[in-house]
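Chain IDs A, B, C, D and E follow the sequence of writing; residue 1 opens each chain.
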Amino acid sequence: MRNPAIRNWVIGAGTPVLLLIIWWFLSADSTDPFFPPLETILVRFQELWLFEHFQSDVLLSLGNLFLGFAMAAVAGVALGFATALVPPVRWMIDPLIHFLRGIPPVALVPIFISLIGFGTQMRVTSIALAALFPTMIATVDGIRSVSNDLLDVAKVYRFSRKERVVNVLLPAAMPQIFSGLQVSLQVAFIVMIASEMLGSSQGIGAMTLLAQQSFMTADMWAGILLLGVIGFLVNVLFSLLKRKVLSWYIGSRRMARAA
Amino acid sequence: MSVRQAPSLPIPNRKSTMAQQPETRISATTPRLDVAHLAKTYGSGEKSHTVIEDLTFTVDAGEVVCIVGPSGVGKTTLLKCLAGLHPASSGRAAIDGRTISGPPPEMALVFQDYNRSLMPWLTVRKNLILPLRHLKLPAAELKERCDSALAAVGLSHAHNQYPWQLSGGMQQRVAIARALAYRPEILIMDEPFASVDAQTRFDLEDLCLKIRKDFNMTILVVTHDIDEAVYLADRVVVLGSRPARVLKVVDVDLPAPRDQITTRSLPEFARQRTEVLSLIKRPA
Amino acid sequence: GGSGPAAAPAADGTTTLKVGTIGIGSDAGIRLAADKGYFKEQGLNVEISVIANPPAGIAAAQSGQIDLTYTPSIPLLNALSQNVPLKIIAAADGYKDGASEGTDLLRVDDTGLLVQQGSTINRPKDLEGKSVSVPARKAQLEVTVSKLVKDDGGDPAKVNWMVLDPSSALQSLNSGRVDAASLVAPFTSKAAAEGNRLLASPGVEFFEQGAIGLWVAGANTVKSKEKALQGFRAAIYKANAYANAHVDEAQQLSAEITKTDLDVVKSGAVNYWPEDVRIEDIERANKNLAELGFLSEPVKLPADVIFGK
Amino acid sequence: MKASIRPYAFSALGIAGALVIWQVLAVAKAAGNALPSATEVFATLATILGTGTFWSALGATLAIALLALAMAALAGVVLGLLIGSFESVRYATLAVLEFLKPVPPIVILPLAVLVLGPTAEMALFLVVFGCLLPIVMQTVDGVQGTDPVARDTARSYGMGQGEILARVVLPSAMPYIGTAMRVAAPAALVVTVVAGLLGGGPGLGQSIYQAQAAGDYASLYALVIVLGVLGLLFQGATRLAERRVLHWHESYREVVR
Amino acid sequence: MSVRQAPSLPIPNRKSTMAQQPETRISATTPRLDVAHLAKTYGSGEKSHTVIEDLTFTVDAGEVVCIVGPSGVGKTTLLKCLAGLHPASSGRAAIDGRTISGPPPEMALVFQDYNRSLMPWLTVRKNLILPLRHLKLPAAELKERCDSALAAVGLSHAHNQYPWQLSGGMQQRVAIARALAYRPEILIMDEPFASVDAQTRFDLEDLCLKIRKDFNMTILVVTHDIDEAVYLADRVVVLGSRPARVLKVVDVDLPAPRDQITTRSLPEFARQRTEVLSLIKRPA
């Protein structure tokens, strides 16, 4: 324990374990219908998600999430570039974009249900559309904040337009694009759950809400647990990707801080 | 870390850029760089702000000219006009008689904010290669240019590092190496040695004189260091504020192979620097 | 939560009861009780608020956020099966005794299973493999339609259930996105008016008779506000009787509550407001749920599950 | 002059174009009767604005969002300073915070509804849950990001721990806190709406749910438009507040040189 | 913008700090600052990195000592040890014989990263006041200290501006003014004039000599500029790398009232700078 690194590691790993143990023992004999024993929750978790509904619900939800997010990412970056580089386009759609962005994404779900129905199509569309704006706006901001010095370098060395976009603007805006994508991913996850809760009988969100509405609290807890784990894992995966793509940025930030 | 390992001939050939340009183009009477009654005003209307008003001087081919002047006088602005980044508001800047209207291909510029002019997502080598891409050089020449430019600034070992992994002085040298790898005929540098230590600075100053000699490059350097200006230059342009104007162009008559220790201890050196110094010290 | 400060009667002797409803036509009963001053007669001040769905209401009642909530018997049984302590205070809506023997079930049952006029679905068994909309999973309409399918020799598990709010369900039925829609008033009559065909009346066929919609309170409220709940029950039953006797007036209120045209309301089922809750009616639903597999076994109803019995 | 008008002309064109497309699609019944026309929606909006229920729903939404935001901000900054200042606290909370951070409040909505019911308290709880962690994490980052040179400067002039925390660490964490608030404020509105829409809590979310359930599409669109405007106001207000407090920060400096 | 408007006596009295310390404390034999066998290692175990190893020199009361040496040699590290910000790994640094274990109250440090050591959320005046708050001075004295310190660096007009509204050189001067307002007995500066233009630099150098004379302040300056070191110092400590050690301590014998133009043109000046230069140029 004398070594601070080891001590910190022990504290870091120990606290969550301790919390879980406390939860386990405090809830062990619980008869409160809303707070079932952790053991029951874990048993139901395993029964519900690991086999029975894995394909029909878990994979379905995740598939929608990734499809919607991917569409939003591609469209968001493309629209962001178009908006930032072609001023008339920017002037034309800026107010609309800002207005649409002001709408809580979940509030759009009822509208999509009424327009497209309730199937997978609706869910993916809701996810894609709601997740579009953060990426798009971050892309525009990223491009606009590319330092003039870099653009001057590009001019002095007479880069072509394509070189300027590919070799200067895109990498320089990448950190902001990625923070936009991260927000988009969060939004996509929220809308995934909301679209299932509002308009579907399949998916993790639907199952969890259903469990709540039929007072199967252990099932509901299991659903919450699964959603929490998915939210966490998706974020971790994204962070890994980000760390890979933006290693230069993270490194330079760390360097600037340490200096 | 030190520049002293630089090979004897850092930039052995520049045929690819030279070949495209006939040697005859420079007549004896046209100066290489000609700044005539140049004026530059930022903004327009109410908010306009005249930084340069009626600036005139010339730089001959193969000359090293230093520009000194107080901070904020407009030195960087002047260089940006010369590099074709800002249009002049009136008057003109010309290369070989051609008015500069966009970045001239035979010129390279080392920016004052070296750390903001390097692409942080590229390694040192890739930073050097980036401006060369559209020259469509063979891979071997690309490599050779990078290697010799990095060797010239003493950074051969750092070619795979990212700029932000280097110290300020090393970043500065990368920016200089990028300009060298481009093999310009005219090299313009904005306070290029501001953040390097004394020893490296001496080495870079000597490198500067060496490339001038080896390639007959025309070099224009902005500096705050009067000793450096006198040591480097054939002529020193002293600017006064504001708006910027030429206080005097001081001709430096120091013997040709200059040396950090002997040249700087010449009485003539002391006289020249005192002249520039008193121009600067005199209330503008 | 708990039984808050409203437990003690206010200075003027009235007790405040917070009641949650889901805003359907049969709310006319409680509205009449309020409008006609029946609550005031009992020394009650009833505050009605709209809740999203019966389970939410049950949760709110259980935690003491509200005193009473409207719920059909099925969510109640679900909650009781998970040991949520609840008591039935009074009947809110239901079917007249012998209703299921009638001929025009559309006139007695406010729920309906509808298909397009030209649909090939002619009997509940045909629903196998078809998509059927319900307002919520494992709730009243899915349960009741399941029983229809099962009684007709089909397998409810083969039905493709879709969760849709009633207006979307009606729209989806019209556009053919679902094969059948299970609806509640006033959407049943709207759907019929738009040219769809009533396949069955699942509610009355499942419950047959007696109270379906119930006013339910949490066990804590029952303990702390026993007097007030007695008053509430008396007022509700007085209002229920009035409503049954003055259907036109009640339908007028229903139209207001559901923001529907009076004609649409009148063309649909006539609500019935029972004046008693019988344990056997609840037990019947309980047994059916277990048989259909919605409950693993019938809930052992506490002896005092119906308040005051 | 001409150049500065052009952007507005294009913006107006964009808005007008969108409205026209909407109207044409609606009149042509491109999406059945689920898409009300723009004129119908704005007429409905005008009626809705005249009703008391709308204003009380709006009031409830605003009250919940703002109260929860204030609570989250206060608690978040205090917790963040605590966690950021003590290494052992930071390590102890790291795993839990990192796990909870990407979990949106909608995940625990079923639990909140179950325990608290469809109430303002439930909405409040969800909003605080949703806004607290980002504020805590950002504050911790801010404390960590305090320039060591600034800290050393304070130390070299003999300033004490408490003084350094109050006069150096807190101000330099302010930009981070500002960023968190800029994210949290619209999020507070979103979560309030979600709590109403999915959890039955009071406010505009519930109104939207009711409009949807009743098939009243014109009201649905009108309410969504109201929310859009509200979202813009929230964003604008936080930006304004941030600009006032952080006028000294790089991103808000008015270039003088 | 210029320093020349500085009043003749920028820091007229320093009674409040002086009063607490008896004048007798400095004996003729104890040097003001005593660095003896100082070593500094960053990190521990595998990753440890010895920057300074066995450094010894002294600074007498009222002396100006300059430290020169290549970049990264450990000059900043040395100053941080002297300022009590880092503990020494072995050896010791002492003031008047007392080993330094925390920031000594009689010392002020001007950081190399001047722009990071100023609080951007405070105006210039509030930046100056910040370190003085806990001295619980009367408001009038607070004001007087700020005013005279700002006047000394020629920034009286800028007291209500934010640091980032000023140029780099002006920020540097604010950092110096903050140290002056603190009225230290020992002033330590890390490359304090690196980003100011030549003219301001001269003025600040002269300011430095002036405060030494007026208040018998002990001053330690790290600089990259050898001319500056020779011009300012009574002694120049030349550091070599790595780990850092003292190559030589050069005694500068230039006549007392120094002047930018005359002193720098003395042959003795040229000799001294050549001596330091050749120490630096010599491979370490």
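In the analysis below, a residue touches a chain if its C-beta (ideal position, glycine included) is under 8 Å from a C-beta of that chain, and two chains touch if they have at least 3 such contacts.
Everything numeric here is computed off the predicted structure, so don't read it as measured data.
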Exercise for the section: Moving only to chains each one touches, count the minimum steps from chain D until you reach chain E. Expected result: 1
Problem - chain E reached from chain A - shortest hop count over touching chains - result: 2
Completion exercise
Of A-B and A-D, the pair joined by more C-beta contact pairs is A-D
Completion exercise
Chain centres from averaged Cα atoms put chain C and chain D apart, in whole Å, by 38
Handout entry: Interchain centroid distance [CA atoms averaged], chain B/chain C, Å
Key = 86
Exercise for the section: Please compute the C-alpha centroid of chain A, do the same for chain C, then give the distance between them in whole Å. Expected result: 39
Exercise for the section: Would you mind pulling out the distance in Å between where the CA atoms of chain B average out and where those of chain D do? Expected result: 50
Completion exercise
Multi-chain contacts in chain A, i.e. residues touching at least two other chains, fall at 113-114, 212, 215, 217
Exercise for the section: Send over the residues of chain D in touch with two or more other chains. Expected result: 34, 113-115, 209, 212, 257
Completion exercise
Residues in chain B with touches to at least two other chains are numbered 72
Problem - Pairs of chains found to touch, sorted by chain label - result: A-B, A-C, A-D, B-E, C-D, D-E
Exercise for the section: Can you check the complex and tell me which residues of chain B touch chain A? Expected result: 80, 83-85, 102-103, 105, 107-109, 111, 113, 116-117, 119-122, 130-131, 133-134, 162, 164-165, 182
Practice task
Provide the residue numbers of chain C that touch chain D in the complex, in ascending order.
Solution key: 1, 20, 23, 50-53, 56-57, 59-63, 65-66, 165-168, 170-171, 174-175, 258-259
Completion exercise
Counting only contacts in the complex, chain A reaches chain D at residues 4, 7-9, 11-16, 19, 34, 87-88, 91-96, 98-108, 110-111, 113-115, 186, 189-190, 193-194, 197-198, 208-209, 211-212, 215, 217, 220-221, 223-224, 227-228, 231-232, 234-235, 257
Fill in the blank from the handout: Interface with chain A, chain C side, in the complex: residues 53, 55-56, 58, 75, 78-79, 81-84, 134, 136-139, 161-165, 167-168, 171-172, 177
Problem - List of chain B residues in touch with chain E within their complex - result: 1, 4, 68-72, 167, 169, 194-202, 224-227, 260-261, 264-265, 267, 270-271, 273-274, 277-278, 280-281, 283
